[in-house]
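Take a look at this one; I'll ask things after.
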Amino acid sequence: MEVKAFKIATSGPADVSGLQRLIADGAINPSEVICIIAKTEGNGGTNDFTRELAMRAFEDLFVERLKLTRQEVVDRIIFSVSGGCEGVVSPHCVVFTRGGAALNERHDKKRLAIGIGFTREFSPEEIGRLPQIEETAKVIRSIIESLKLDSEKDVHLIQMKGAIPSFSYVEAEAWEKKGKPLRSDMVYSRGASALASAIALKEVDSSQLSDDKVCRDFDLFSSVASCSAKPGLKRTEIMVMGNSPYWTGDLEINHGVLKDMIDVSTVRQVLKGLGITFEDQLSPEQVSRIVGVFAKSEADPRGTIRGRRHTMLTDDDFSDTRYSRCVLGAVLSSIIGDTAVYISTRAEHHGPLGGGTLAIIAKM
Amino acid sequence: MEVKAFKIATSGPADVSGLQRLIADGAINPSEVICIIAKTEGNGGTNDFTRELAMRAFEDLFVERLKLTRQEVVDRIIFSVSGGCEGVVSPHCVVFTRGGAALNERHDKKRLAIGIGFTREFSPEEIGRLPQIEETAKVIRSIIESLKLDSEKDVHLIQMKGAIPSFSYVEAEAWEKKGKPLRSDMVYSRGASALASAIALKEVDSSQLSDDKVCRDFDLFSSVASCSAKPGLKRTEIMVMGNSPYWTGDLEINHGVLKDMIDVSTVRQVLKGLGITFEDQLSPEQVSRIVGVFAKSEADPRGTIRGRRHTMLTDDDFSDTRYSRCVLGAVLSSIIGDTAVYISTRAEHHGPLGGGTLAIIAKM
Amino acid sequence: MEVKAFKIATSGPADVSGLQRLIADGAINPSEVICIIAKTEGNGGTNDFTRELAMRAFEDLFVERLKLTRQEVVDRIIFSVSGGCEGVVSPHCVVFTRGGAALNERHDKKRLAIGIGFTREFSPEEIGRLPQIEETAKVIRSIIESLKLDSEKDVHLIQMKGAIPSFSYVEAEAWEKKGKPLRSDMVYSRGASALASAIALKEVDSSQLSDDKVCRDFDLFSSVASCSAKPGLKRTEIMVMGNSPYWTGDLEINHGVLKDMIDVSTVRQVLKGLGITFEDQLSPEQVSRIVGVFAKSEADPRGTIRGRRHTMLTDDDFSDTRYSRCVLGAVLSSIIGDTAVYISTRAEHHGPLGGGTLAIIAKM
Amino acid sequence: MEVKAFKIATSGPADVSGLQRLIADGAINPSEVICIIAKTEGNGGTNDFTRELAMRAFEDLFVERLKLTRQEVVDRIIFSVSGGCEGVVSPHCVVFTRGGAALNERHDKKRLAIGIGFTREFSPEEIGRLPQIEETAKVIRSIIESLKLDSEKDVHLIQMKGAIPSFSYVEAEAWEKKGKPLRSDMVYSRGASALASAIALKEVDSSQLSDDKVCRDFDLFSSVASCSAKPGLKRTEIMVMGNSPYWTGDLEINHGVLKDMIDVSTVRQVLKGLGITFEDQLSPEQVSRIVGVFAKSEADPRGTIRGRRHTMLTDDDFSDTRYSRCVLGAVLSSIIGDTAVYISTRAEHHGPLGGGTLAIIAKM
């Protein structure tokens, strides 16, 4: 099988004209689309309706093109829409297609392989606790298996949109009284998804985990997770990307673990691993090889970066989530020379405390 | 004469404890302090009271130490306090002292020289128009002359806090009716200050200028200005920094013109001019040589950066001024490896449209 | 003919379930829907995508129900979606239907009459100037005529969504150079729409108007306008409401001119005109009679209210538009005892400077 | 003894010119000043430096006038500075003086009596738990006793600035691991202060309380508390106001419990208790009788007001604390006809869930 990826600029959350053009031109076969990762210009928070608007536009397009119901579309294609294009980050989406016949023979070169899956539906009290983690890890493992990778080391990105089942104030109070307050929020859902990646890839051993460790023991983390979470979503949507010798095409993925939000060295190493070396910034030819940059950002909760105080957590006028996306987006854009980068925040259990994960896909 | 510079982290806008310690230790002679440039954690806007708070704390300290009145202190020391430590930018100040005897003989090496001055008081209708520009340019030229530089090329930073005389709604209406609406705001005051720098350094010829060009013809710009503006301030405060063969010490300054907010190449060139070359990020030894980083940032008013749309001007929940400081602060911090950088915004007539100016002071 | 109105709470911008239920129940005949006025939880600014999301949901519903194209739907029904449910203001919509045969005979009681219309498409340079005003006034007059009112005094609300044709940075520069800078923004479009109402109802005489008066001479104003403006919209959408002796039903509308944002007396007078008098707050029965409350709010540009300073215009962290909606929404909600009120801001030429307009529809 | 109160408009957080004028005029004897309650135009959050700026200005004034050290000033006068003048709320302060000889004889009329006190210093782990509550209640009781009130029913306002001792990330982690996470934040400090009032006035019985009830069981509340909390403050500052037959002057205080943020009826009842009745709004003469309006606001955590959804808790761009101050400030200003009202938020254990407390002082 072969993965193709298309980076498309958007003029607004509901702008699917670029995708429509590529379909009309024959560049994209809509029935081969497996996943769309999009950055929209919202605030990335509870009241970010750009995600819903973008979803609606994408779904409408595929409902019409593929003659499917809305439910069939979302069961077939993963739409990972993340709000928040702070600073220089430019609204865009990356459309992934998967085509060709299943391969039985091994190739010399490993190429980008993508698999998707869904967990069962969760109930609110499972979120942020072991039930969410175990179910998610199980699904991740089965996706990985399907990709025919040489080893877990060849997994470079596990993109998830985590479940946050809704609940009422009364239900929340009831769980509070039971001494097991609900964790069905963005923070815990993201954290548990990331820990599930770590478990699935054996970066963390199940025996190390307990409910108490979630969003608390940040020495436990995934190196490849990129998890968001969506209020109202009942099941977690999962996409795994790795390099497989059984897949073809011209794309390859690499990843690194950011030590902090200004960790230029790791960014350069990830690019180097894809054969991209440079002095100041990428050349235009090198820029054109980059088809996707996916990172998780975090305002260091300890309040300092490289020993100096930051104010992202004490500014009550602007969310630290927006600040950290702005920061990492600026750093990545400045190195790469292209502002169409995907930054998602926060990064609980994604890399070390105050750090994050980074995956880059390039044409070889 | 000799300039010394001290970079001091602050725990809040009114924190002068670091400065007090250096005075107590004998490292700083308070009577030699000529200028303090500080970044405080406000919003940099109309309701940023961190500047007033910091000013009050600095003034109180010098009133006590130098046995002067408050007015005598501000007539003697330039306090350039700029609010806005967005993202990773860390609140700090750089204290400059000027000491030693006036030099008559020339040295081999040019070293950092600093001069300060003040314009006369402006009336509201002069701001953003030729009267402000001409008076400011005149004062700049006289400061430059006093520094005994080899040429105007040796001027690397002209830091100004521009006047914004107050006026009433009624006065504004009256000027509006005369067809000459008041420009006594941050935008015009900054723009006119920058144009004054360009005139003083002959980057722009007086004959090219008219009131209509201010904040309109952005092909006219300064390469070394760094101007803020303060509501209620009646006169513009000016500090000029250059390298002079008649000054001693171990500091040197260099500058560059940023083409856009992610212009890594120019940053690297400015550092190279100070003898600092590196692959990924500065070494700890190199970081410790940097005593001041001063830049002007701008959300490109054309709405794009390197051909891609940005959303800094269409986000009504957060000011483009805060975004652009966050972006350039992140870019500079990531290259230098230190988040104590001074970013001021916006950048009307500071470098090309969408760009800005950058000056770095290092120990040689 | 007869107007019915339905106040429907929404759980999000795209929530049309309440409307669907009323259609399913037979309470609303979708082919009789003439207008929907909705408050959604956005910021009411440039990047408020809740309006687009709500529009899409409403349009989808009518496309399906009425078997029309999207264009046919928007040519038939006015959707006036306004973002910004600050403070206690609760997201909701009011759906208006118009049914029954045209009436030739006069009744004793005047009842709510509604007419809609559209201007021609505008070019950017017409906005905020006489061409927009004259065209808009012409359409308003023709709608009023169609309603068979006794006099212009019986017009109580002219709701408009004003055109803001798009333009490029280059076009803007070109007009700037011609000395006629483009006014194609929210401020001017709203202001011109309101002046058009004033002209149409003879509150202002055409001879008093010139381009220079728009958004400048605030002694000229409408008492019944409620205008928003939408970036990208090419024509202005207009809805006129009045009480006509040729219309039937049980609804009546009344209006008042708010002198400032805390003008409780005018609110009480408008209610009194609808037969609703009370001591502290409305009784539950009285609350249930209110089907629509439509107001325009404004942070007084002179910076004071009843002689005291306000900070809505000097707070750079939050828009004065959001503050003023929050204020007037709280005041109206507190009097009426229901938070489903529609507040739109700003109020250029809507009532006196710092004031606004208010219309209330009640069941008689 | 006799209390006088002076409502003074301010032009900025550091503006003490109005107070200086009243001292110069002889209206205020600075040695009799016992308390200043001020509203400044900050965000009321962690990074609200307007409080520090105002404090510094007030302290400087009294240091100079009373020839005291800064510490002696804050040990003698309670400065209750609260940031957040959202919407129409106008920055101002109310200065209270206490003068005259102690009275031994009872009068016919009860007049405003004020007493102040301080708790011991707290350690971080005591905050939000019983030790804070018990110590605070003890100090309140002793202040009340000193006022010679007829009964606890005559206490109408207990204004507190609660301690929030600082702690490090490491200390927080340590307490977390002990299973007793630190509560040294604004929420818990305010909540515990309010419960202390309830205990002191026997609205809640000590036996009903435990650490688990704090900021959880909102059926327990005070009717007269108005508590803020200040990061870094080590002890809680307390001021009690009531009406005593042993005090003289022309001031009286009354209070009410707001059921929700639009509870106009309670506001009217509190005014009525002070002899102020009216139809729409107060007359100018009545307005001039009001010298202080102190209220606590709260965005109902259940997400609804009078059965309708509000969006204050789901808007990630603006704090619910700012929204609720804006709402209640608008409601109170609209009834009273004066925007110099003091609103503090949030209102944990201040009145019922979603409600708050209100105290008004008037000249009789």
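Each chain gets a letter, A, B, C and D, in the order it is written, and its residues are counted from 1.
One rule holds in what follows: contacts are C-beta pairs under 8 Å (C-beta built on N, C-alpha and C of every residue); 3 or more make two chains touch, one makes a residue touch a chain.
None of the values given here were measured: they were computed from a predicted structure.
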item: Pair joined by more contacting C-beta pairs (A-C or C-D); value: C-D
item: Farthest-lying chain, centroid of Cα atoms versus that of subunit A; value: D
item: Centre-of-Cα separation between subunit D and subunit C, whole angstrom; value: 40
item: Sites on subunit A at which at least two other chains make contact; value: 41, 43, 47, 311, 314-315, 317-318
item: Subunit B residues within the subunit C interface of the complex; value: 43-48, 169, 176, 216, 301-303, 311, 314-317, 319
item: Of all residues in subunit B, those that touch subunit D in their complex; value: 12-14, 41-42, 47, 49-50, 52-53, 56, 317-318
item: Partner subunit A, residues of subunit B touching it in the complex; value: 9, 11, 41, 43, 85-92, 261-265, 268, 280-281, 305-306, 308-312, 314-315, 317-318, 322-324, 326-331, 333-335, 337-340
